[in-house]
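In what comes next, chain A is part of two complexes: it sits with chain B in the first one and with chain C in the second one.
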Partner chain A sequence: MIQVNNLTFSYSKKPFIEGLSFEVKAGEIFGFLGPSGAGKSTVQKILLGMLPNYEGSAVVGSVECKKHGSNFYQNIGVDFEYSTMYEKLSARENLEFFSSLYRLRHRSIDELLMAVGLENDADKRVADFSKGMKSRLNFIKALVHDPKLLFLDEPTSGLDPTNSRLMKDMILEEKRRGKTILLTTHNMQDATELCDRVAFIVGGKLFALDSPHNLIMSKGAAKVTYTWIENGEQSASCDLTEMAGDKKLRNLIAENRLQSIHSSEPTLNDIFMEITGKTLV
Partner chain B sequence: MLTIDKRFINLLRWDLRFQARYGFYLLYVLLTVFYTLVLFAIPGSWKEKTAAMLIFSDPAAMGLFFMGAIVLLEKSQKVTSYFAITPMKAREYVWSKVLSLSAISLVVATILATVAGYTAIFPLLVGTFLASAIFTLCGIIVATKISSLNQFILATVPIEIIGFVPAILHIFGVTGSIADRLYPANVCMDMIMGDRPFAAGLLLTVALIALLLQVACRSVLKMWQEQGGVKL
Partner chain C sequence: MSAAQTGTLHIPKVRKKDMRAIQISFLHMLKFMKKDMMLLAAGLSPLLMGAAIRLGIPAIDKALRSFTGLSQILGPYYSLFDIFYSAITPSMFCFVAAMVMLEERDDHIDRYLFVTDLGKRGYYISRIVIPALVAFVISAVLLPIFRLAVSSFAMILFLSFSGTLQGIIIALLVVNISSNKLEGMALTKCASLMMLGAMGPYFIERPSSHILFFMPSYWTGLVITEGRAIYVLPTVLVSVIWIVILSCGKFRRYT
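Moving on, here comes the complex of A and B:
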């Protein structure tokens, strides 16, 4: 669906995105993970044909992004990281207006509003919406024309846990409907849960690209951490697979002196730190 | 050429609806009532020229200021950056604005001309439309390049002067050279007054509009692709 090859781009003279290559397969959810300023939104904008001054190639569908015509957008839906709505019009009017710009396959606006719990606010002016309501509306705006490819820029940021859950379920539902989805996020948990594959990006460069599961498994095994009392509280840890060989642990178990014991798998967050040397937030 | 498809018709319909919602029509009803009262109040010999001035000033103000208001509003609500990723073409956006705004000017012009007792309505409508197109296109071009209302007002002052003053001098016959009758604003004014415009002048006016159209489309596309919003 998307092939990026040796992509190079900068807003200024200073190099920014350099030699970026990756591929997004049809039907997958592909995540861009990286700290603020990493270039996540920039890569999305290049793929959307909004920044035509790049070098290398970026092909979406079968179109080179910088050479697209206006029909390029018939099958693309975008949820920007900010609200893009006429504030004086109602939610329904906004959705009707934006869907009227597309040729085919309009989805039912009522159903979409219902899906994000806005059915009772459909005729309210967007200016009177809360931030979370605007985010949800902005998201379904990207769906009105039933596009094959979705670009979501931080779809869950600023949402409360309930709405964040709802949004994630809707993203997974769009995947089931056969869409290809490219999203950006700072949130490792969301990425682990949603994405088939993730790309770690820092300072415009790609550091890793794999499924969250593989990334977690490839680096760092699960660890066991235990504590006991000996001149105050002490703690130690070992790999889960080496537990039997840990003398101290065996002694503590034999003497029934363990205060606590727990195992933990590394999170995508730990892996991100390990690979890029940066934290996400 | 403009290929008219359903999207363009939709766009035009929505533009009319936005303009109603944002109070443009209400404002123009009030203005038209006021202008009509003015026309009734002044002596007969002045009626025709005053009406011409009012009719001409109207698309000038409308195209420039309303276009500025529309674009600034869209920028502030970041709708502009969304347009960049819809199938809408800059050309469709521009034409829709030109047609929807000139529709108001044409209605107002017809009413005022009738009140002032004009008979040559057809040239008047053509003149009004051309003037409206010129000013709306200038309004679009300026609005795409600025980021605040103050900047916009400052930038439109010279356009008002260049577009307006020669045309006013022209109807009062202050200047009367041939060059004067080639000047696009004056060509529009001639037609509003019911005079036959110079063919060369008319040609020049149409050429100017074609040029402004090109520039406007390019400016709009550039504006859509720039992410920067504005604060009002």
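Moving on, here comes the complex of A and C:
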């Protein structure tokens, strides 16, 4: 669905994106992870055909982004991080207007509003919406023309846990409907939960690209932490793969003195820090 | 890759079938205008101003003449009022369009519209070109109703056309320089001073008046006062230069 080869772009004389290459397969959720200013939004703008002066290749569908025609956006839905609604108009008026701009396929506005729990607020002015309501409305705006490719920028930002869950379920539902989704986020938990593959981008360069599971398993060994009582509570830890060789642990098990034992895998954020030397949160 | 290269605006070509989205976007702007009393008032103001000029100026002139005993006071400047009126109508329409664009920029809606079927070029057409065309037609309809001096059909068309060009320049100035709607309203007042160039040929001796050469309205004033069609050329040329400068990537904030 998306093929990027040796992509280089600059806002000044210094390259901002340098030699970026990756591929997003049809039907997958691909996560772009990186700190602010890493180049995620710039790559998104290039893929949306908004920055044509790049070098290398960026193909969406079968169209080179810098040469796109007017049909290019028919199959693309975009959910920007910020609200892009007419504040003086109602939710329904907004959705009807944006939907009317497209020639083909229109999804039911009522069904979309119901899916994000806004059916009772459909005729309320967007200016009176909370931040979370605006986020949900922004998301379904990207779906009104039933696009094949979705660009989602921090879709769960500013949402409470309930609505964040609702949004994530909707994203997964869109994947089940066959959509390809490019997700930009700082939220490692969302990325781990939603993405089939993630790319770590820092300073306009790609540092890693794999599934969250593979990244976690390949870069960090799971740890086992155990506690026992000996002049108060004591604790120790070892790698999961070296448990059998840990004498203390073996003795504690043999003497039945273990108070607790648990394993912990590194998070995607730990892996991101290990690979890029930077933190996302 | 140079900065100049990266700053260039990329606007894909618009095909005939894309006019549908442009039309919807323009009609949406009118709907949006109806919900904003200030914009609605600005859109209707040419009618009120036309009536005020048509009825008020001759009445004031008559009163002044009878009070002073002079045979001519405002009479020689009736054509100047026509020039102003021909510029005010398109300027008000372009002001409305500029305000809508600024509000869309404030709410990040413009960027979203760029990535819909409307596209960037379609957006500019629906917000600048079509309002200007409508303004031209309305100006050409209202000017014969509210005119004070200009009578020929060709002159009415010319005044409507030059007024429309000024309206486009004012709209581009406002959206280029202002960063929000409030600034836009303040800047519109300054940008409207462009119309005052028309006073040059009436009140300043030649060649001193040529100092106003950079104002399209100055050349419009010369067309009327001198009655020479040759001045149509600099009117259009100066306007086009303004529009090109304000539309090119280097000066455009609105991208």
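List of remarks:
The criterion applied here is as follows: the second predicted complex is superposed on the first by the 263 of 281 C-alpha atoms of A that agree within 3 Å, B and C clash if a C-alpha of one lies under 4 Å from a C-alpha of the other, contacts with A are read in each partner's own complex, and residues count from 1 in each chain.
Criterion: a residue touches a chain if its C-beta (ideal position, glycine included) is under 8 Å from a C-beta of that chain, and two chains touch if they have at least 3 such contacts.
The structure presented is a predicted model; accordingly, all values stated were derived computationally and were not measured.
Upon superposition of the two complexes on chain A, a steric clash is found between chain B and chain C.
In the superposition on chain A, contact is made by A:S10 with chain C only, not with chain B. Comparing chain B with chain C, more residues of chain A are touched by C. In the superposed model, A:Y73 lies in contact with both chain B and chain C.
Using the contact criterion defined above for the overlaid structures, shared-chain residue A:M50 touches chain B and also reaches chain C.
Within the superposed three-chain model, A:F22 lies out of touch with both chain B and chain C [touch as defined at top]. In the superposition on chain A, A:F207 contacts neither chain B nor chain C. Residue overlap on chain A between the chain B contacts of one complex and the chain C contacts of the other covers 48-51, 70-74, 76, 78, 80, 82-89, 97-98, 100-103. Note for the complex: chain C touches chain A at residues 1-3, 5-6, 8, 10, 12-15, 17-18, 20-21, 24-25, 28, 32, 35-36, 107-109, 111-120, 122.
In the complex of the two chains, the chain A residues touching chain C come out as 8-13, 15, 48-55, 66, 68-74, 76, 78, 80, 82-89, 97-98, 100-103, 141. The part of chain A that touches chain B in the complex is made up of residues 45, 48-51, 70-74, 76, 78, 80, 82-89, 97-98, 100-103.
Listing the residues of chain B that touch chain A in their complex gives 6-7, 10-11, 14, 18, 21-22, 74, 77-79, 81-82, 84-89, 225, 227, 229.
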